[in-house]
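Chain naming follows the written order as A, B, C and D, and within any one chain the residues start at number 1.
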Amino acid sequence: MTTLDVLYFAWVRERIGLPRERVTTAAPTVAALVDELSAREPRYAAAFADRRALRVALDQDLADFDAPLAGVREVAFFPPMTGG
Amino acid sequence: MTTLDVLYFAWVRERIGLPRERVTTAAPTVAALVDELSAREPRYAAAFADRRALRVALDQDLADFDAPLAGVREVAFFPPMTGG
Amino acid sequence: MGAVLDVRVQAAPFDPGAEANAFAAAVQGAGALVTFTGLVRDEGGQLTGMEIEHYPGMTERAIAAIAGQARDRWRLAGVLVIHRFGPLAPGAAIMMVATAAPHRADAFAAAEFLMDYLKSRAPFWKKESGAAGAAWVEAKAADEAALDRWRRG
Amino acid sequence: MGAVLDVRVQAAPFDPGAEANAFAAAVQGAGALVTFTGLVRDEGGQLTGMEIEHYPGMTERAIAAIAGQARDRWRLAGVLVIHRFGPLAPGAAIMMVATAAPHRADAFAAAEFLMDYLKSRAPFWKKESGAAGAAWVEAKAADEAALDRWRRG
């Protein structure tokens, strides 16, 4: 088991209802963590319903959903960026 | 015979030694006018020696050396532009 | 080369013209300066404001990486990126990039590259407010497609 | 569309940042603003000054024609062109173009088009002065070649 900071931005944050939380998990990958969170409560399931509409960053670098979580301290979920 | 304003810019002006003059000519084309001017004095011949290094404008629109002079009032000779 | 590299992520407003002039003075010697400024559109009075959320820490990191790539790829005398977050009024400058180079082709290409990457790879999210309420701006397929042209080189 | 079209050919210095801000205010509503500023390079202190000759009358005509083409070709909210003539000191702004558009791709393309055409089709000639004397700047084959990409469309 490891403890991660999990961050949410934009409408992911709004659907889940908080900007960040600490999560203790044994999930080996981002996808497994998403499954675990989605099983918690409907608001998580709603936020993670369409993974193609989501982006993930591990320790502030963009990553894929099949990326391993070993050694990671911070995971962030958000929609595609719209800056500029 | 027609009378034209002939203008010179940049190093064409410097070689010929004046910025503009009035020329009375029967030359039917730009090329014929260049031949006529080149025959006048060495400074004209020097300025017009390499026609590929020259540009011409008729009444302030870029034109070719074989363009006719009929109806034209102002002819300008200059090197390729280097603005911007 | 000792290119100027200036990246700022801030809530405070900025003056694009004054920043462009200060940047031009800092990189003096370069012949070509290109700026892009993104402004809050008013959509014919339909838009009452915008809010920009970002990911502190990752934002600076992502922009610095993009600016570094631009500096490696083109011959540049400097790169400036300023991007605001928080609430913005119609007409306000959201962000700007400026590039300075000996030759204009490098300055233009680098500025377009920076814009394309900032739009889709820097963690900012826009929420527009109007008479009908507030809504997150959706990413455009065209913005993602714009990145493709930089992958060839 | 009622695009702002502002062309100025002048001996007087101008402030590129202030002009960019005034232009942005005049075209308010456009989301994207691109500027290009051409500055006198100092070539590592080798250049002591520059003089620009132009063809009064034809200059304004040529620039207006180029700006009109840009406005027909892209969706623009405005075009600004300022070009100086006469003596210029190192570091001074020689000229600027600014384009405003709803979308950044139009603003960038139009600004590059304007620059490519101004460089090779507007009647300006640069003469640089340095320790070794004064010399007319020669036109570059690359500048003529740059026009080709706009002929396809």
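Note that contacts are C-beta pairs under 8 Å (C-beta built on N, C-alpha and C of every residue); 3 or more make two chains touch, one makes a residue touch a chain.
What you see is a predicted model, and the numbers here were worked out from it, not measured in a lab.
**Q** Everything stays put except that chain C is ignored; which chain groups still touch one another?
**A** A | B, D
**Q** Centroid from C-alpha atoms only, then distance chain A to chain D, rounded to Å. What do you get?
**A** A distance of 48 Å separates the two centres.
**Q** Distance from the CA centroid of chain A to that of chain C, rounded to the nearest Å?
**A** For chain A versus chain C, the centre distance works out to 27 Å.
**Q** Please output the residue numbers of chain C that touch at least 2 other chains, ranges allowed.
**A** 38, 104, 115
**Q** Listing for chain A: what residues touch at least two other chains?
**A** 84, in rising order.
**Q** Every pair of chains that touch: which are they?
**A** Chain pairs that touch: A-C, B-D, C-D.
**Q** Within the complex, which stretch of chain C touches chain A?
**A** Going through chain C, the ones touching chain A are 38, 52-55, 57-58, 61-62, 83, 94-95, 115, 118-127, 136-139, 144.
**Q** Hey, which residues of chain D end up touching chain C in the complex?
**A** 15-21, 24, 28-44, 91, 93, 102, 104-105, 107-108, 111-112, 115, 146
**Q** Please output the residues of chain A touching chain C within their complex, sorted ascending.
**A** Those residues of chain A that touch chain C are 7, 9-11, 13, 57, 60-62, 76, 78-84.
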